[in-house]
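Each of the next two complexes has subunit A plus one other chain: subunit B in the first, subunit C in the second.
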Partner chain A sequence: MMRGMKMTTENQTFAEKFDLLGCIQCGRCTGGCPVTVRTNLNVRRFVYDAYDEGLLEELARVTDIWDCTACHTCAVRCPKGLKPLEVLIGLRSLVVESGKTQPTVRDALESTFMEGNPWDKPRATRNDWMEGLDVRIAEPDQKVENLFFVCCTIAYDPRVQVTARNMVRLLKKAGVDYAFLGTDETCCGSEIFTLGEDGLFEMLIEDNTELLNEYRADRIVALSPHCFTTFNTHYPDLNKPVIHYTQLLAELLEQGKLVFEKGLHKKIVYHDPCYLGKQSGVFEEPRRVLQAIEGVELVEFNRNRERSLCCEGGGGKMWVESESKIERLAETRIKDAHALGADIVAAACPFCVLTLDDALKAEGFEEEMQVAEIMEILGELEEMQDNSSSAQEVED
Partner chain B sequence: MKIFTCIKYVPDTSEAEVKLDSEGTGVDSSRFSFDINDADNYAVEESVLIKEKHDGDVTVVSIGPKNSDVMIRMAMAKGCDRAIRIEDERIAAHDPLMVAKVLAGAIKDQEFDLVFTGCMAEDYGQAATGVALAELLGVSHAAYVKKVEIEDGKVKAHRELEGGLREVVEISLPAVLTIQTGINEPRYAPIRGIRQAQKKELKVMNLDDLGIPEGEVNAEASRIVLEKLYIPVVESKAEIIEGEPEEKAEKLASILVKGGLV
Partner chain C sequence: MGNVLVLAEHRQGELRDISIEMLALAPSVAEALGGEVMVLLLGSEVGPMAEKIAGHGVKVLVVDDPLFADYNSDKYQKVLSALIDDYKPKLVMMGQTAQGVDLAPALAVEKGLPFVPDIIGLEVEGGVIKATRQLYSGKVNAQVALKEADTGLVTVREAAFEAPDPSTAGAVEKIDSPLKEDLDYRKFVEYIEAEIGDVDITQSEILVGIGRGLKEDKNLPVAEALAEVIKADLCGSRAACDAGWLPDDRQVGTSGKTVQPKLYICMGISGAFQHIAGIKGAKTIVAINKDPNAPIFAEADYAIIDDLHKIVPQLTEKLKELKG
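Our next item is the complex of A and B:
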């Protein structure tokens, strides 16, 4: 037996925990699984084999279990309402509990435990993205309508920090009552859960619930769909609702508090992030925001909404490289966007932006096309606006 | 097999911007994350691998603040059996000899076969503590060890030398080995394991508990006076060599010769 491996969790057997007997072996999970085009992953097979406790150790050693991106297509399509992907996560847990994880996974988990983020960055620098901006920091005893939860990736990755920076500018312009958390903000655990570190995930849920419940906020606004969905799915004791920022923007547009005075004459295709779309059912708000920009021609991928093709950025895949040399799904997505003649591939998730941007470069489409976070597009509009108004002042 | 593994809690300066403190003799660590010294992490893994293979037990020894308990618990979650943390502000911690004296004070009266340290700490980078510790304990040592084989009361230590060379030395136990990074792949300490490790013994001691006179390990005892730290001025000079490959090679060779580099 692999050292330290446990065949059961708490008082449940593996089969009970994942309701393996509920499976009717219809195979819709594997049929719908997007990564099967480039890997050997057969999730149905794992659900079947995992019923045999004696096989678990062997199954946990199969590298295919690390190919799952936790997109949830299998769960969406399962006629029995099961979550086949969680069987794979359960097998990953056996590996993590034994301590024999890939070094990249180990480092992400240790960093989350020690510094509250999986990117191996100091907690003290979590709010460095705010530099040069006047950002209101939340105080537990001060009432605030919208308490923002930034996300580790947006806070630390220079490519996507623009999401938070532009949000601050937009909130001020729209007169929204908001506050951001201090450096106490800690990883929501989305990727920790999918990497199989149950114990750490439980600790994060406990600590974050205690932290967030202290604030007198009406609601939490998450910038990343991963935090948004994780809070809504795995945090039963949070005392306030959690929305995604695109929902806030759609609300502000409806109330007339957000008006885009300048247009953008571009063809934009919106990529539904799995955690926002198929996992949380937020499909229309991001589209409404983009459509509110004058001149924007919003086009659709053939695979849109529930059928959106995963970018492979979730499921802990930022720390686990697949062995497959076959084209990445993000590259397929970029090619599809190119075929549509899109100028911009818009996404509302940091992982989607990072994976799609890499794919855009790999395909060599940088000159013709751009991958942009929705907040990036709105930020550009604001800049255009600021520039033109100051130019006008000069003319006057 | 009785093993002592010495570990240190150090700032991660790999990507951080390093700033000096107001006195100019220390580094402002307020924006750093702290973790186990990289080479020490490999030493922990090596000691646990040896314990698993040859039986025995591992005691972690560390000089550091209470904050470093988390690092010690992680080592115990990986398989180390108990720990001693020495906390005493009187220790001249910038001097590896003083540090070695304190570590030796914690180990010398106990039975031991092997003492592991990392080959170098990421903070001061002196690579001296382990070697000094061997001298103070009166045992043999091997530094920069990349492979350990234990056979009949002896240890075969594969040392990493310059130029890709390896040296294999056979030394009698007890011995001190300073471990080079890359010797193994350190395991992950799952949180459940860290929680369980709360039950293992972590003894906190000071110089008085160890019976080490202050005057042997404090700033007065140290022969190293840290006068000042400074950040070197960044200078850069680049010359792009143009021309056909032969011309480029000739120009490059002449630059190297003129500069006394070859």
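Our next item is the complex of A and C:
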């Protein structure tokens, strides 16, 4: 039923569900796991121990399972093609099922169930980011080429709303046939899946599939890599392809429909979001977009592409803190960018922008460097500039 | 006979405030019922405590027995059950406290008492006892009448009433323990003390929040001084807790705690979305930040656009003056 993911039947054991017998205990998962530098998480150990059904309850109580950011480095490195992280998610599911989850997680899940977003925001205000913009809202019976899926975080968090606002301006300028879903849009379930709420995730998949299939659109364009990857990995019955917006931009550039008139003389380092890069293989398009801006000097992190260092924004970590006091990975990332002498750390993911922005402030580099969504950078060019308060930087 | 029996609560030799707070309600109810207030004190060597309660012009029934050195719901229930039979009070009152919520329901079931928990008001109308309690997270107050019965039971919300000052001297009457021997199926083991300084910010009425704008931990006294004057607890943004200025349990936001103070004064917090989500329950928000574009100002009821290091010490001084 679900593409790329095994379904559990009542007769399936935990070991069968996650193919634990397929594991050869080589340890490449833990060896590459980025959070091991700041937490005690040892994913290989969990894969080993979880084979013993009698241990599952005990394992689910180990707080380490909440340290995983679902970056998929372990899955990328696994020589057997397993997804060790999903064992941790399976253990989280046991916690959620028992009803003993952290209040922060509970609230996010409840909000998603009630309002269609994990941010405890009313569904009715989902379009507030559109204020002052004339945005075309999709109608099921109207044909449209590109149906946009905004993402809960971009829709509600004032720091990243600029992604969607600038996208609307760019689409108009490039004459792209587009429409947005508006308040009907409901969380894709990316974080609900990683927080372990299987039932709610399945419900979202069902509802969203039904909703999205109704529209006469050629394709869905996701603004967030989380929605993009979730649709492509967990929504087998979607009747249209889903692309990430950077893929659309690369296409528009190639077709000559998008031309950046003004240049930007800045050194930019591009941070590969885990969900876009190592999980979905989109490495080139974001770089192509940035390189198309005259004057931009694009530099690379040592740990880039599939080796990109996770920012710790995914895997439900927006609602769960690690106990670790060791430097956050986002801070390591910012230091690396600073050492490269970058003016801008560019990302194409709302979670990356938020965590990296926080880290920028934590490291005190606000004066020298900037963290920006790619759409934010494009907004700096030409008349797309967004002067509303939503584009303001957030201090912490 | 319309007596009101109030159960005094104490812990580790200290009389709990709720014991006296209930005396803000009990006398008028007893008077309306044509009876008197009796306070029941179960404990060991509680003579001075009994005198203290009696100082509020009430009769105190004391069971002074080592069996009651520490609270035990089974023993308390046995005693209350027997005394309700003996004294036939029209109403029994106890605190909506850890003890009260443990004891009251079991007692109500055992004796078949009409029971209203967590009350914030109590009156008698035409001989009927009516209690006020909150519904829908405090959005609605409901007045409920206790069913006609020989004895009714209520638990009273803590800090809902101001404890009355001592008045005339009442009487202390020692009574025999209806419980003759220890019950061994549930035992008091030990008190586990919360760590010193351990504050649950989700319960704080006034909070002072700090963010990265504080710059460094040596500026913490600026916030602490303000908090002390207005009797606030300190909390912080993720950044402030990351920096180690405050312990993790003081973090407010989607990955920390959701708070609902009556007053939230935040300084140097620009208002990241994930922080704002944690303060949506705050009644009044005062934001101090030097950046006029800080998103926190969209949430704030009062905005002070200036350097916190300049403003907060002055604010603290002014508040000190006002408080005398």
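Methods note: the second predicted complex is superposed on the first by the 373 of 396 C-alpha atoms of A that agree within 3 Å, B and C clash if a C-alpha of one lies under 4 Å from a C-alpha of the other, contacts with A are read in each partner's own complex, and residues count from 1 in each chain.
Please note the rule applied: a contact is a pair of C-beta atoms (placed from the backbone, for glycine too) under 8 Å apart; a residue touches a chain by one contact, two chains touch by 3 or more.
Every value quoted in this text rests on a predicted model; they were computed, and no experiment measured them.
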Notebook entry, point to check: subunit B versus subunit C on the shared subunit A, clash or fit?
Noted result: clash
Note to self: Under the stated touch criterion, which partner chain does A:Glu285 make contact with: subunit B (first), subunit C (second), both, or neither?
What the structure shows: neither
Note to self: A:Phe113 in the overlay: touching subunit B, subunit C, both, or neither? Say first, second, both or neither.
What the structure shows: first
Check: Does subunit B (first) or subunit C (second) touch A:Pro103, or do both, or does neither?
Finding: both
Next item on the list: Determine, under the contact definition given at the top, whether A:Arg159 touches first (subunit B), second (subunit C), both, or neither.
Entry: second
Margin query: For A:Asp272, using the defined touch cut-off, is the partner it touches subunit B, subunit C, both, or neither? Pick first, second, both or neither.
Written below: neither
Next item on the list: In the overlay, answer first, second, both or neither for which of subunit B and subunit C A:Glu376 touches.
Entry: neither
Next item on the list: Examine A:Lys325 and indicate which partner it touches, taking first as subunit B and second as subunit C; both and neither are also allowed.
Entry: second
Next item on the list: Check whether A:Lys317 is in contact with subunit B, with subunit C, with both or with neither, and answer first, second, both or neither.
Entry: second
Item checked: Doubly contacted residues of subunit A, that is, touched by subunit B and again by subunit C -> 103, 120
Checklist line | Partner subunit A, residues of subunit B touching it in the complex | finding: 12, 15-16, 30-35, 52, 70, 74, 78, 185-195
Item checked: For the subunit A and subunit B complex, residues of the former touching the latter -> 3-4, 96-97, 99-101, 103, 105-106, 109-110, 113-115, 120-125, 197-200, 202-203
Checklist line | In the complex, subunit A residues that touch subunit C | finding: 103-104, 107-108, 119-120, 156-159, 317-321, 323, 325, 328, 354, 358, 361-362, 389, 392, 394-396
Notebook entry, point to check: Which of the residues in subunit C end up touching subunit A in this complex?
Noted result: 211-213, 237-240, 242-244, 248, 251, 254-258, 268-275, 277, 280, 289, 291, 293-295, 298
